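Each in structure tokens, the structures are laid out below.
In the two complexes below, chain A is the common chain; its partner is chain B in one and chain C in the other.
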Partner chain A sequence: MAQALFNIFVFPGFLFVAAFGLTAEYIDRKLYALMQNRIGPPWFQPLADFIKLSAKEDVVPQHADKLVFKLMPIVAMTSILTAFIYIPMWGSNALFAFKGDLVVVMYLLTVPTLTYFLGGWYSRSVYSMIGAARSLTQLFAYEIPLFLSILAPAMLADTWSLSGISEYFSTHPWAILFNIVGFVIAIIALLGKLEKVPFDIPEAETEIVAGAFTEYSGRLLAMFRLAIDMELVVGASLLAAVFLPFGLHYGPAAGFALYLVKVLFIIGLISLARTIVARLRIDQMINFCWKVIAPLAFLQFLADLILKGVHN
Partner chain B sequence: MSLIKKIVTWARIKSPWIIHFNTGACNACDIEIIAALTPIYDVERFGVILRGTPRHADVLVCSGPVTRQIKDRLIRIYEQMPEPKFVVACGTCACSGGVFSGCYNVEGGIDQVIPVSAYIPGCPASPRAIIDGVVKLLASVDNASKPAKELVVNGI
Partner chain C sequence: MPEREVKLTIGPQHPMLKEPESFLLTLRGEKITEMTVRLGYNHRGIEKACEQRTYIQDMYLVERVCGICSHSHSMCLAQTIEEIAGLQVPKRGLYIRTLVAELERIHSHLLWLGVAGHEIGFDTLLMYAWRDRELVMDILAIISGNRVNYGMNVIGGAKRDITPDQIPQILAAVDTLEERTKYYIHVGTEEITLRERLSGVGKLSKEDAIRLGAAGPTVRASGVDRDTRRDDPYGAYGELSFDVVTDNHCDVYGRTLVRLGELMQAYKLIRQILKNLPEGPIAIKAPRKIPAGQAIGRYEAPRGEDVHYVKANGTDKPERVKLRAPTLANVQAVAHMLKDGYLADTPIVIAAIDPCFSCTDRAIATTNLDNGRTDRMEWPALRTYGIDWYSKQGIDFAELNRKLRTMRESN
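After this line comes the complex of A and B, so read on.
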């Protein structure tokens, strides 16, 4: 019982993921500033933002659905934390693992986008409704390539469990070289999932103020921001577990350091994308995802299928 | 002051999110406010971010005299901001009405309509004066339940 509570609230649960998420946001903003020749925020900036927002007044709009409006940040945070439990960090074993946990993790990582939609839609504000509709439209564009690109290594490893995938690739390290295209596709799709530039169309602040979060303030906004930071960490950990399974047999300490390096590498790639590209329009984004990224993901899948046939 | 209150005050000083509202300015102060947010001045060092919505903002930066047309909108935007909130009057017109004081269509300075915490004079106020004003305003916030003391920042 005490062990389970420790796992849920401290490690690898709420406290660890929250601290790691805030650090990841700082690293993202600092790298962004350095690449723009600025000094950037101090190290405690995300924490100060979180504390300040938590201490502010909560305003619930008069016409909003109060229950959905207040519930959605908690649902977003909970589903992301649940997904993290099934992702292996060091070694090839996650804290909890069963045969189909890859499907469960992908499903749980879809829930936050739905909460942004519901929270924005039930705010009953014009800007937040446009943002909500855009985030759901975007969901249909990036989700298919992301699923396909993660399906390819799973098929190669002949398992539906993340621990199984890590185990297979740590014994067959050369096989991961065939998934580099899949890794790039997964990073691009992750940008869409996290609503980062160039796919920050749902919260484009130059057009629709703040998208689905326009009416959120105070504690609820703080929880949503924390959920987005956690999603960044959990998404990066998922890609690290599937596409970068190196050095899984060096023991917990070295393995954990290596895990941090892998996740920070993926976060660095995301900040780089944020610096060098501008925001796309929603129709350009959908065209790009369906006409370029999804066929490439299919090709990746075919390549893995052929490799599997030749190898056996 | 208890420990939690100290931490919250520290966070408020370190993370001022601003919203900019033109209450009838000639655009000079608006250009200077936007200039203060560019990478040359890098206000993210102080945690300042420009937000588009009053729900996310802590500091309302107003420029220009309050015209009769804009008065209701200014009050509405002020009331949409969650507590605690601060108002900065940026530029001579926002402080007192400036050259427009006494016009038939002008109410006067911002403080004729909503409570103002800091005044930044200048025609237009320079970006350095604006940053100095916001930072000094936050340094004077020692008790968030009371509004901050009125400040006048010298133009640079």
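After this line comes the complex of A and C, so read on.
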């Protein structure tokens, strides 16, 4: 019991993911700043932001649905945390694993976007509602490519469990080279999921202020922002587990260090992507996802299918 | 988005806008069906204030019409007054004025480039452009002592001379800036997301540009070959060679290319000015009282043509001063450009005319939200309103003015 509570609240649960999320936000911001010729924030800035926001008043709009408005940040955070415990970190075994946990993780990672939508929609402000509608529109564009690109390696490994995928690829390291296209697609789709440039359309500052989060303030906003930071870490961990399963058999310490390096590498790629491109329009984003990314993901899937057929 | 109409107010306070101004958009999904611009949040009564001050004081006042093109307004007013008074400005004075004018164009266009990047979510461009803008700001500070309000114009010439040791510094900065601008041209034409976001957005055909009276880079990007610097030369432009940059894209992408092209022309102009800088006095003494008469001054500000009208009555104060900032000419075109456009394009389309609303506002319009009745506030009513508002806050200007007068008299 004590062990389970420690796992849920401290490591690798809430405290670890929160701390890692804030660190990831710092690294992302620092890299972004350095690539833009700026100095960037000090290391404690994300934490300071969190504390500052937590100390502020929560303002709930008069016409908002109060229950949904207050509940959504918590739902977002819990679903992300739940997803994390199924993702393997230092070994090929996650804390909890069962056959088919891949589908559960993907499902749990969809929930935060729904909470942004519901939170924004029930704020009853025009900016929030437009942002919420955009969140959902965007979800339909990136979700299919993301699923396809992650299911392709799963099919190659012949398992629906993340731990199983890690195990298979750590014993067949060269097989992962066939999934490089899938990795790129997954990074692009992850940018959409995390609502980062070029897919920060739902919270485009210069158009709709802060999108779905416009009416949020105080602790609720702090929670939402922490949830987004955690989503960054969990998303990057998922990609690391599926696409970069190297060096999982050197013991916990080296494995954990390697895990951090992999996640930071993916975060670095995300920072680079948002440095070098401009924000797309929602119609351009959907066209891009359906006409370029989704067909590529299908091809990746087909390639893995053929490879599997040849291999057997 | 459900297919019903949503009314979205942008401004007067909104992250998109750098100055308070209000845009009412009617949306169907992401598409804009109608747009209304409401000006008047920044009316400061500058024209009336000019009439109550002497010409010398007006030069200081007009310099503060705009925070970016401050030199444009003061140079335009100086030219207009000189025309009435029949003053011949010495050659060197004209060259120095033109030099500062072109440096100002560089800093304004680089500022615009950064803002445009920010409006389409490309903050890297903002950081780069504004970093390079510091170079030209430093040069302006070396020449005039100030980064923004240079105070380089007096009636009858320039106020400060260019010293020989400043010339290499300016040339070095211009060389660096030219290199960086070439890089931005490369980025602007090659970077896919940037081009996707800019091309085909905010279309303004050649006919519409002329019909709506657009000015500056906005009209030149619609293929209209119009530039006051060449069509009605002032300053030293008549003796310098430069090209008028036009573009036939008729969209925001074209406006970006025109501004980047004008940056390259500005570097060329600055090199010519410094090479051919004539010797001699920089200014002649102007009379305090300007003889009766009237004149219109035209000036190609970074944002478009700036027009000043001055009516003199033989005293040391003008009888009427009228300023028309370029944004007023362009703001009509914005409503046209945005019709049937996307909400996501609103920030960049508005930013693409490089608006400067505080320069533009000349009146305050009020709308009664209960019955939709609109009204206009004239200057005397506005003045009374201001005095009343402050006296309600416990600030009495009559008392303050009296104290100020006694202080001055005792000195």
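By definition in this document, the second predicted complex is superposed on the first by the 312 of 312 C-alpha atoms of A that agree within 3 Å, B and C clash if a C-alpha of one lies under 4 Å from a C-alpha of the other, contacts with A are read in each partner's own complex, and residues count from 1 in each chain.
Operating definition for what follows: a residue touches a chain if its C-beta (ideal position, glycine included) is under 8 Å from a C-beta of that chain, and two chains touch if they have at least 3 such contacts.
The shown structure was predicted, so the numbers you read here are calculated from the model rather than taken from an experiment.
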item: Chain B versus chain C as contact partner of A:37, first or second or both or neither; value: both
item: Which superposed partner A:282 touches (first chain B, second chain C, both, neither); value: second
item: Chain B versus chain C as contact partner of A:197, first or second or both or neither; value: second
item: First (chain B), second (chain C), both or neither touched by A:205; value: both
item: Partner chain(s) touched by A:19 [first = chain B, second = chain C, both, neither]; value: neither
item: Touched partner set for A:133, first chain B, second chain C, both or neither; value: second
item: First (chain B), second (chain C), both or neither touched by A:302; value: neither
item: Overlap of chain C and chain B interfaces on chain A (superposed complexes); value: 36-38, 127, 205, 209
item: For the chain C and chain A complex, residues of the former touching the latter; value: 1, 6-9, 14-16, 27, 30, 117-125, 127-128, 131, 191-194, 196-197, 342-347
item: Chain A - residues contacting chain C, complex; value: 35-38, 126-127, 129-130, 133, 137, 197-198, 200-201, 204-209, 275-284
item: Chain B - residues contacting chain A, complex; value: 7-8, 10-12, 14-15, 39, 42, 44-45, 47, 51-53, 55-56, 58, 80, 82-84, 144
item: Complex contacts: residues of chain A adjacent to chain B; value: 29, 33, 36-42, 44-45, 47-52, 55-59, 127, 205, 209-210, 213-218, 221
